[in-house]
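Here it is, the structure, as structure tokens.
Chain lettering (A, B, C, D and E) follows the sequence in which the chains are written, and residue indices restart at 1 in each chain.
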Amino acid sequence: ADVEKPKLTLGVGGKPLLYYLPLTIAERKGFFKEEGLEVEINDFGGGAKSLQALVGGSVDVVTGAYEHTIRMQAKGQDIRAVIELGRFPGIVLAVKKEKADAIKSPADLKGAKVGVTAPGSSTNFFVNYLIAKAGGNPKDAAYIGVGGGAGAVAAMKKGEIEAISNLDPVISKLEADGDIVVIADSRTEKGTKEIFGGSNPAAVVYLKQDFIEANPKTVQAIVNAFHKSLKWLETASTDDIVATVPEAYYLGDRALYERAVEASRETYSRTGIIPEDGMKSALGMLTQFDEELAKANVDLSKTFTDTFVKKAAGGS
Amino acid sequence: MRRTTLLAMQVGVGLAFLLVWHLLTAVPVSGGKPLFDPFFFSTPLDVLARTWKDLVSGELWYHLGITLTETVLAFTFGAIGGIAFGFLFARREILASVFDPYIKAANALPRVVLAPIFALWFGLGIWSKVALGFTLVFFIVFFNVYQGVREVSPVVLANARMLGMNERQLLRHVYWPAALTWMFSSLHTSVGFALVGAVVGEYLGSSAGLGYKIHEAESVFDVTGVFSGMLVLAVFVIVIDTFVTAIEKRLTVWQPGTGAATAQG
Amino acid sequence: MHAPAQVKEADSPAVRLSQVAITFALKGGGTYQAVRDIDLAVGASEFVAIVGPTGCGKSTLLNAAAGLLKPSAGGADIFGERLSGLNARAGYLFQQDALMPWKTAIDNVAVALEPKGVPRAEALARGREWLGRVGLAAFADRYPHMLSGGQRKRVALAQMLIRNPQILLMDEPFGPLDAQTRQIMGNLLLDLWAQDRKAVMFVTHDLEEAIALADRVVVMSAGPAARIVGDYPVSLPRPRDIAEIRLDPAFHAIHKAIWATLRVEVQKAYAQGEGANA
Amino acid sequence: MRRTTLLAMQVGVGLAFLLVWHLLTAVPVSGGKPLFDPFFFSTPLDVLARTWKDLVSGELWYHLGITLTETVLAFTFGAIGGIAFGFLFARREILASVFDPYIKAANALPRVVLAPIFALWFGLGIWSKVALGFTLVFFIVFFNVYQGVREVSPVVLANARMLGMNERQLLRHVYWPAALTWMFSSLHTSVGFALVGAVVGEYLGSSAGLGYKIHEAESVFDVTGVFSGMLVLAVFVIVIDTFVTAIEKRLTVWQPGTGAATAQG
Amino acid sequence: MHAPAQVKEADSPAVRLSQVAITFALKGGGTYQAVRDIDLAVGASEFVAIVGPTGCGKSTLLNAAAGLLKPSAGGADIFGERLSGLNARAGYLFQQDALMPWKTAIDNVAVALEPKGVPRAEALARGREWLGRVGLAAFADRYPHMLSGGQRKRVALAQMLIRNPQILLMDEPFGPLDAQTRQIMGNLLLDLWAQDRKAVMFVTHDLEEAIALADRVVVMSAGPAARIVGDYPVSLPRPRDIAEIRLDPAFHAIHKAIWATLRVEVQKAYAQGEGANA
């Protein structure tokens, strides 16, 4: 395939995270190459930083959270998702085992210390949303940024926090060690439905609209690659997946990694298309806690372009 | 130069800086957009307005208080540690030579990576931030005090030893005053680093403090919030440094000073 | 064990340099032998002046007696005991400025009493007294850089003398002083010395001063590898007044004898310095 | 002390450290678990084995090369900048007094927050990391050179001026050599910080380098990988510092040194 | 414009201090007036020696003539032009050690030619020659801390003289030298001076040296607020040999006259220093 820009830089905030597994699969399985792309993957200290790199022009394409496209619209940046990678956020709210009796629902988090990856991050909003939904006031809990790594595990083990809203592998690690009890789990279809009443897009591939307009073939190639990746993930066994990712990813603890893959498998998008209700629920969650966004008039149709993914689905 | 002239010039530079910043961020150029992308750069007026709002609302003071505590603690412990070890190593050459490579290696460990370990050991409260700031301040002060002690004039030292001074007295009357200028030079640098340590610590995991506020603002792409946080930091460090300078002036009165070769007019 | 040591001490000279040689390592690998074969004994109550051409090794000898410099060969015995480390019984007036620049004149003097455990208030009082004796009472609160060269030297003199050490090592103590002040200081020194007869090693360039003050004048040869080439007893009566003693005919005889030796050495030194390499 | 004794002692300390580390992390205590949780602390044997493996596989060299380039560039530019500005400010007192608060404020800005702006300006390649390292090295060197120049002996300076030296000649013959010890003291600190800057930059966003490797290992809880990365860093900085020390020794031959008062034996 | 300036220059003294007063600010708020009402002119080819009790303000006066110290009142004219900033036509030999410690003896001397634009190779050659003249050829590669006090002073002397300045300001240049070396250096200085008759301001504590070298001896009173209390022309014949001239009877007469004045001042100085406060 002859694309306009075969050399691409891609940004991601924490590539080894299972959240971004489709990216690693596409890379390792050579799907980018098959599409005639040469992708350099830049890993950032967080999703926000990879988005900043996109806006700043140092990367062309980002695998990041869908909510970024909504936020950017409010900021006057035209950024579009082109394919959905995760249909459930994969965020889990859990409480310390010893507190499990006292905290049964998010509403009981009043006065509790809740660990989130970063203040203002989607894990933070996730708790806010859950508390509000359960009839509590999100402001009544204290939110502590603990990151998404060993620091988060440490915080829970040391008893610095009473509840945690985080992603895998932190959650799987804590679960495996028996430190926590899960209250709300958006890694599964069932859990997500319970929380959001429908699906809720998580990781997507997004680009600047200018770039999409200028390089449609390239974008198509990207989407094709990710689509292949999603299809592969749909059928692959856990062993296949573990064998495909770089060894370094499970060097820490292979069993844990397998467990986490197992737990996350359901979250990956099947079609790559974000459903209408998913977009709405994402927007609803954001506007609830962000005055600026609430004021902005967000046009959801400008957050996702489904033409590429539809073409990719037709092609394959 | 008189104090008022100096102050006027300082303020002038500050205003000039704000003006340039304003021109770059708030005034659209040809393309209709300002030269500096508003996605990354807030305008000075917005930042000042936001800072003012936060100050008035009182919320900022709480966070500022936390960061201040951490900074002061990190600075104090780091400086004391650096001074103590600097003296110890300078006086015990053998210790210095044996541990030299390890100290240098320790100084090169990225603090950001250590943050989880600090969180584990010291919890998520202020102490893990203090630890982070400490590791920055300590090395800067240490290397300077170490060098400062070794730079003592050999004649003055020999004289003091001939006066019969023991190690403690030498420390007090010779090494300490001789190393003072070196020490203060390092303290000026390390005030800033103490703050950086505290803020980065908060940024990486905490529930309060300026770093927390900045991180929060950053997560929702609120540049004005980020810049406002940095403005507060900047003002803040100037205030702390003023204290350091005042102490320095007191402790180094004996120096000839710049006016030494000039008689009173 | 106690008695023999005492006997030994009473018998032994305050400073005895035996077969001392001192060699400096030069950067670049070479060495420079400053002095060699130095045998010099200074009695417990003897005032010895050392003269010699500039650069011959007078300061080097004092450093060896003070324990600041380890001889490359031979050694120094202080009251019969081999010196290793600093000479705790000596006071040293350095040729260079050696005051602590961060202390005022009075603090520089008073601090010399601290190692003896004198309380600060008393140390200050005694320090003031000493500053008065060297004519600097009015300059007590000046930092060294605010004093003239001669004033600094006198502060250093007070700093050394206030400790009342048994051995005085003095390297050109009156160098930057005018003739008259020199005499006043010289008399001060002689008075003190008369009180309890310390051992003094006194380096000077002023041969007249050397003779006026000392019991013995030692003349060093020109370097490198300087030796002692003359040792002249000064049998002038004591107590002496420095200004008056110079008029004594015996004074002139001694002066003449020493000068004859010294002159040759100085000329040698100059010739050598001019040479290609030492 | 002879070189071999020293080396033996240095190695001894290193081994003792490894031993303690081993005892704490690999030997189970009462509860059946070692004192340090293996989730957070790797064992020395694992770390060495991993490092060896990575070295042999050759992958590490590539990342090391990138980090080395960044560190060297950050160090070089930072040191040059710090030296240049240090001299400039020390020689132009008015500049120094006017800009003083701003420099101190700039030093207190948390670099972690600035990273996106650097990425914007300098791209994601090595230059944004160099910029980050620069901001650390610059201030440390700057403050020390500034102080060093002002500490020049007034008499030596007056003498040189009376010899008719112009500003350039004074710089070369007086200020520069006088500030050298100060400068090197700061360079020892800043070698470490240059590396920290580079690694943190990589950690916050990059596609290669040791920081990238460490970040990768950290996100999958691979403590052995993290520790191995830090080990490589540590060794690395010791090597760079050895160069700095060698240059220092050459440039400061004139100093009396520790053996000054002792004749050759 | 050129001619009148020349005339003016030829007529004017090399250094003229007029109504100079110098007051130091003391830490703590007080002030100390070192000298006042100083009127002193040094002709373009005149050799003036300055003597006075220690701490009276001799170095201070040289500093004023060098432009290192701005007088609190009055001013200095150099060849008829009011001095502001440094005195570029003067060479200054400082009382303290002022060599660059990071340069070897030869480099310290050679670097003095750099401001004149002399190529380095030539500067080194001339530097070596000068080191030879002061008797230090063999010590060219030593750093200052490896030299004796007298050797350092001689390097500084060479450093100043190699530039061949029109005005020589010398503050106890021969202080740490032995009598014989002093004479050699004194004769060296007189030889040079005879060649192209510079203006010299020469501070010394050795009255005999002052008389032997100078055309005029200026005596300062004791401080604070020291003034010039005597100005004695020395009408001994030139060329002089320092050692021999002392035997001249006229020498003794002058010496006696000056000493009478000086002695009083020194005693005053000492009495004042002992007083409660200046």
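Basically, a contact is a pair of C-beta atoms (placed from the backbone, for glycine too) under 8 Å apart; a residue touches a chain by one contact, two chains touch by 3 or more.
Since the model is a prediction, treat every value here as computed from it, not as a measurement.
Hopping across touching chains, the smallest step count from chain A to chain D is 1.
No other two chains have as many C-beta pairs in contact as B-D.
Chain A and chain B have centres, each the mean of its CA atoms, that are 37 Å apart.
Per-chain CA centroids place chain A at a distance of 83 Å from chain C. Inter-chain centre distance (chain C to chain D, centres taken as mean C-alpha positions): 48 Å. In chain E, the positions touching at least two other chains are 24, 27, 68, 96-97, 143, 145. Residues of chain D in contact with two or more other chains: 37, 40, 112, 116, 120, 154, 158, 203, 218, 256, 260-261. Residue numbers of chain A whose C-beta contacts span two or more other chains: 52, 56, 149-150, 154, 157. If you check the complex, the residues on chain A that touch chain B are 46, 48, 51-52, 55-56, 71-72, 75, 77, 113, 118-121, 124, 142-147, 149-151, 154-155, 157-158, 160-161, 290, 292. The touching residues of chain C, when paired with chain B in their complex, are 66, 68, 86-88, 90-92, 94, 96-104, 111-112, 114-116, 143, 145, 156, 159, 163. The residues of chain A lying in touch with chain D in their complex are 9, 11, 14-17, 40-45, 49-50, 52-53, 56-59, 148-150, 153-154, 157, 169, 173, 248-253, 256-257. Listed in rising order, the residues of chain C touching chain E in the complex are 24, 26-28, 51-55, 57, 59, 95-97, 132, 134-139, 141-143, 146-151, 154, 172, 175-182, 184, 205-207, 262-263, 266-267, 269-270, 272-278.
Chain contact summary for the complex, chain B toward chain A: residues 37, 39-40, 115-116, 119-120, 123-125, 203-207, 212, 215-222.
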